[in-house]
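There are two complexes below, and they share subunit A, which is joined by subunit B in the first and by subunit C in the second.
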Partner chain A sequence: MTMKMGFYPGCSLKGSSREFNESLCAVMDKLGVELEEVPDWNCCGATAAHNLNHALSLSLPARILALAEGAGMQEIAVPCSACYSRLVMTRHELQENEALKAEIADIIEMDLALNAVPINVIQALDRALEGASLESLVVAPLAYKVACYYGCLMVRPPKVLRFDQPEDPMTMDRMMERVGAEPIDWAFKVECCGAGFSVSRTDLVAKLCKPIVTDAVKRGAEALIVACPMCQSNLDMRRCAIKGMSEAEAHIPVLYITQAIGLALGIDRKDLGLQRHLVKVALPRRAVVGA
Partner chain B sequence: MSSALHTVSATDTLAGRVLHDTGVAVAECYQCGKCSAGCPLADEMDITPSQILRMLQLEMPELDDEVLRSHTIWLCLTCEMCYARCPKEIDLPKVMDSLRAESLRRKVAHPKARDIIAFHKSFLDSIRTCGRLYEILLIVAYKVRTRHLLQDLLMAPKLFVRGKLNPIPELIRGRSHMARIFQRAQRKDG
Partner chain C sequence: MARIGVFVCHCGENISATVDCAKVAETMSGVPGVVHSVDYKYMCSDPGQTMIRDAIKEKNLTGVVVAACSPRMHEPTFRRACADAGLNPYLCEMANVREHCSWVHEKSEATTEKATDLVRVMVEKVRRNEPLFPIKVPVTKTALVLGGGVAGIQAALDIANAGHTVIMVEREPSIGGHMAQLSETFPTLDCSQCILTPRMVEVAQHPNITLHTYSELESVEGFIGNFNVKIRKKARHIDETLCTGCGLCALKCPQKKIPSEFDAGVGTRTAIYVPFPQAVPNKPVIDTDNCLYFQKGKCRVCEKVCPTKAIRYDQEDTIIEADVGAIVAATGFEVKGCDFFPEYGFGKYPDVITGLQFERLASASGPTLGEIRRPSDGTIAETVVFISCAGSRDPAKGIEYCSKICCMYLAKHAMLYKHKVHHGKAYVFYMDIRAGGKMYEEFVRRAIEEDHVSYIRGRVSRIYEEDGKLVVKGADTLLGGRPIDVRADLVVLGTAVVAGEGAEELAQKLHISYDPYFFFAEAHPKLRPVETNTAGIFLAGACQAPRDIPETVSQASGAAAKVVGLFSQSELSREPVIAVVHRTAPPLFSKCVGCFLCESACPYRAIEREEIKDRQGRVLKVVAKVNPGLCQGCGTCVALCRVKAIDLQGFTNEQVFAELVAL
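This part shows the complex of A and B:
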């Protein structure tokens, strides 16, 4: 039986982070979920819009929400944390302010009921796993020490998102445990990686990413696990911009949570897009410790 | 004319403007400094986040001007750390949004923020024309705007062989709808 789920991939998943899309689709397919894209979706505008124009920063996500509800979607899976944040924050702001909602509906010239709810990738996976046991689907336990990195926008602002504990979230850690990995306790789970400065201030991204990588390695992690394309590209593509890294720091790979789960479910590396990373993903097969 | 987006009425002080734009009353801040302590880029900023609030509280034209000319407002990453930790639940990232908009309106943005603003503008150009982000166009438009022609181009071949750069843009059907949204939103926001 296949289950259908609304899906907003966002631009990164169609471009530089296509392996997040590939691995998400592969895992969902394995779990019997069909992802249905919001018809003719547009970019959410990300940081650029809300840095420059408030009305636009609400209108771009509003068009997406309106299209989703027009297609009858009750929930929309939004894997990119930045898109997720823009969609949730817009929906919240418009729900709190009727007059503003009317103005934005007027700008986009669409009906806006706000009844399609954006969910992040962890919530989408949870939904797909309802009634199933992830543990029982694992064919190749992911026997590594992993550092789960949540970044900013998956947990903040907690007042609006109401997802996990803002200072020490555990949802990704628990999911990694269920596929056989050993999540480490570390200090940089929710620190910022520099997000939108990837191109315009690469120096600042390097400065913010260095302690994240260093702490993960120091505490014994063999891979970083992320759920956001911008975190992934800052930690992976921008690794070469970080100066003075040790051998281990230069080589620790950054996997999307969907790639990590996909490996455990026995999905082919290529179908998970592991060959697309700049920091090579060389995780040798290993028996579960103590098994 | 009154508007939920608060675009027309001129408020006397910047604190008034911020209240009008965001609903945040800067007077609520009791200067505990927690926001500045947790801000990932506080040490790069010319004025710390809590100092920005203090300056707004004083409601003096010279200080307002200094805030709008600061590098800080452009360095804020909207990481939401300050808002998450503030004991008074002051939505500082939203205040920063409003300050950036005002800084652009008055044409006083910090010279060092040029690259950041150029990047945001190039990003929006791509969305206005394609509906989605076209990464190659973004990089090229940004390079032309800033004249940093070489930086990053070295990266392109590496991404290309890994299938990470889309040679053709994704064009949505509703492109004229997007153009209209941009126009109408800009009219509201100035």
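This part shows the complex of A and C:
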């Protein structure tokens, strides 16, 4: 039986992070979930809108929420952390302020009940796995040491998101354990990657990404696992801008959590978009004890 | 026929500025039963009171209504004036035309009308008032002190030295509390044990003090002056009369790796143990959870080595019953860990410790004999970071209050560390330095200026381990938020001071209120700081709020003074505003049908069951009875009673209905 789930890809999943979309769809397909895109969706506003115009920063996500409601979606999977943050924060702000909600509904000229709930990629996977055992679906255990990197927006602000421990989140680590990987205990799982400064201040992003990569490698990680297109592109794409890296530091791949799970589920590398990464994903085949 | 006098006060301009007092008095003079109605500038003044006294005598008044301020202010004044003139004081009532009227309304006809209505209402009540008489209760002149820390010790000694008997109950095997664990004390750096142990010994030796250690309060019944308490004396598994405290049992006990509570987990103890060398009493207890004999059925080494044959494996808890007149709660606090927010790595890294653990490291009687060694590898710490407000003053962490003692003890720790490791580096991360107290600010300045402790104003965001060091990531907010990483050997957290374990349960046993953090609530934050809302129960020390030693001792002496004041009376007077159960002649005896809904509703456990018997002693009926010593007059039982068999003296249903009808 196919389960349907609302889906808001946002711009990254259609462009620079196409492999996140590909791997998510492949994994969801394997789990028997059909992702249904919010019809006629628009930009979430990301970092630009809320720096410039408050009403605009609320209206853009509000329109997405209203469209999802109109399509009868109760939950919307929002894989990109920035989109997720904008949708959740908008919903929260409008729930808290009736007058503002009316004003925004007026701007977008749509009914706004706020009953469609945005969920992040981990929650979406959890939902898809309800009643099923992920462990039993694994065909090729991911027998590597991995460093789960959460970045900033997936767990913050804790008051609104109420998802995991903001300073030491563990949900990705636990999911990785379930597909046979060994998540390491490390110090930089919620440090800033530099996010949107990737374009304007590449030097700063390189400076911020360096300790993340260095600490992960130092503590034995063979791959970084992420759930945000911005984190992925900064850690993957800006590796060449980081000065003074060792061989191991230069070559540690950065996988989306959906790609990591996809590998464990035996999905073809191409279907997971692994060939699109700048740092080559060359994880050596490894026999698993007891597998 | 009622003969009521009405006295309308102007309260200077407080009332007369918006209310036409003369008109109120004039209107009231027309009310049936009012035989005297006047207004005056200050009713509470001596001439004002004389007006009331004279009127009572001349007009033979049967009731008095004073229209003035809140009864919280001057009700006792006017009731005394009435009593002087021979009128039962409970026939005098106040109409609050100041707080309830003149202060909250503009000057207008309506304001005067409202004032008139308030007076009219009280006239209707007074018309139905009955003379009441204060309730007298006897006093048992023995105090129960709960807790044997410095607060309990001070309170017990003060009460005992005033000539009264004291029963002290301590949960742990020894008295001494947290103060016995401390190395030195701020701001004088005198040794904590050196100043406390003489007091501990005094308690043990005092002829007026009975000490029950390793004991807990089981239950409390009764009321001020007349409590009956049950104390559970937990089995020590030792015959205390035979034990000489030689310590051979602990020396030979094979279970040696149990984390010591006294050493806050940085040291170890045996399964049969005395918590520390100066313990009072110096008698061991067996920790049955860790004893090989209790867990696996074999060993009995202590029994074999005991020269006086004092080991009793089959000993059981005993319950001791006692009558006491007052209770002092001095149950103290606990130091919370930091494991509820993971970014400081407490519980994960052994070298991230609490302030209390540092006290044990710095103490000459501690596991390292006073050397500042890392718990992980035993090396001397060369760089130590102290972090204040580790959990406190942070709504996101759920503890919004200031733990109060951390600023000072962290300054002390840093100073002690520098005195022990001269070349070592000490950093203190802080939000504010709260050093309000005699010689406190000077003490902190000394740490900074003479002992060169680096104070950094900023919060620590994260601590992680790297190459055997703890990397402390913080910011210096005085230098424009510059990020700072300190590579430390040891991190000491000024964690939150929280209510002691079981505080909520104890408060419920004692029927005293507590705040959202389970600290016990005082009756008034400024004017009644050592009393609780339950008469006869007093507070001392950190069970009420985080406190340092000087404050704790002052408060304990304050609580003791309250107890001694209570014991100076041979009997107590209580307000007669209490509930009474209807009684009448046989065969009905009472309207009460014995459903006892009131019993479960009463917050003060004042409802008792009374058996009505005939001459042969056969029970004819069981009805409710209100214990006048316990009843606080809240009226909950009155509202609940299905047959209206209970009424509140001074506020009967009839009186309240009459007030409403008068409007």
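What we mean here is this: the second predicted complex is superposed on the first by the 288 of 291 C-alpha atoms of A that agree within 3 Å, B and C clash if a C-alpha of one lies under 4 Å from a C-alpha of the other, contacts with A are read in each partner's own complex, and residues count from 1 in each chain.
Just so we're on the same page, a contact is a pair of C-beta atoms (placed from the backbone, for glycine too) under 8 Å apart; a residue touches a chain by one contact, two chains touch by 3 or more.
These numbers were taken from a predicted model, which means no experiment stands behind them.
Peer 1: Tell me which partner A:Asn53 touches in the superposition: subunit B (first), subunit C (second), both or neither.
Peer 2: first
Peer 1: In the overlaid three-chain picture, which partner chain does A:Gly266 touch, first (subunit B) or second (subunit C), both, or neither?
Peer 2: The answer is neither, since A:Gly266 touches no partner chain.
Peer 1: Touching A:Gly220 in the superposition: subunit B (first), subunit C (second), both, neither?
Peer 2: Neither: A:Gly220 stays clear of subunit B and subunit C.
Peer 1: Once the structures are superposed on A, label A:Pro158 by its partner contacts, choosing first (subunit B), second (subunit C), both or neither.
Peer 2: It touches subunit B and subunit C both.
Peer 1: Looking at the overlay, does A:Asp168 come into contact with subunit B only (first), subunit C only (second), both, or neither?
Peer 2: After superposition on chain A, A:Asp168 lies in contact with subunit C alone.
Peer 1: Looking at the overlay, does A:Ala187 come into contact with subunit B only (first), subunit C only (second), both, or neither?
Peer 2: Only subunit C is touched by A:Ala187; subunit B is not.
Peer 1: Taking the stated contact definition, name every residue in subunit A that is touched by subunit B in one complex and by subunit C in the other, in rising order.
Peer 2: The overlap between the subunit B and subunit C interfaces on subunit A comprises residues 158-159.
Peer 1: Quick one: in the complex, what on subunit C touches subunit A?
Peer 2: Contacts found on subunit C: 341-343, 396, 462, 464-466, 471.
Peer 1: Mind pulling up the subunit B residues that touch subunit A in the complex?
Peer 2: 3-5, 7, 21, 40-41, 44, 75, 77-81, 83-84, 89, 91, 93, 97-98, 100-101, 104, 115-121, 123-124, 126-127, 131-133, 135, 138-139, 142, 151-152, 155, 158-159, 162-166, 170, 172-174, 177-178, 180-182, 184-186, 188-189
Peer 1: Could you pull out which subunit A residues touch subunit C in their complex?
Peer 2: It comes out as residues 158-159, 165, 167-168, 186-187, 215.
Peer 1: Per the contact definition, I'd like the list of subunit A residues that touch subunit B in the complex.
Peer 2: Touching subunit B: residues 11-12, 14-18, 40-43, 45-57, 59-60, 63, 97, 99-100, 102-103, 106-109, 152-153, 155-159, 166, 190-192, 194-197, 199-202, 204, 208, 237, 275-278 of subunit A.
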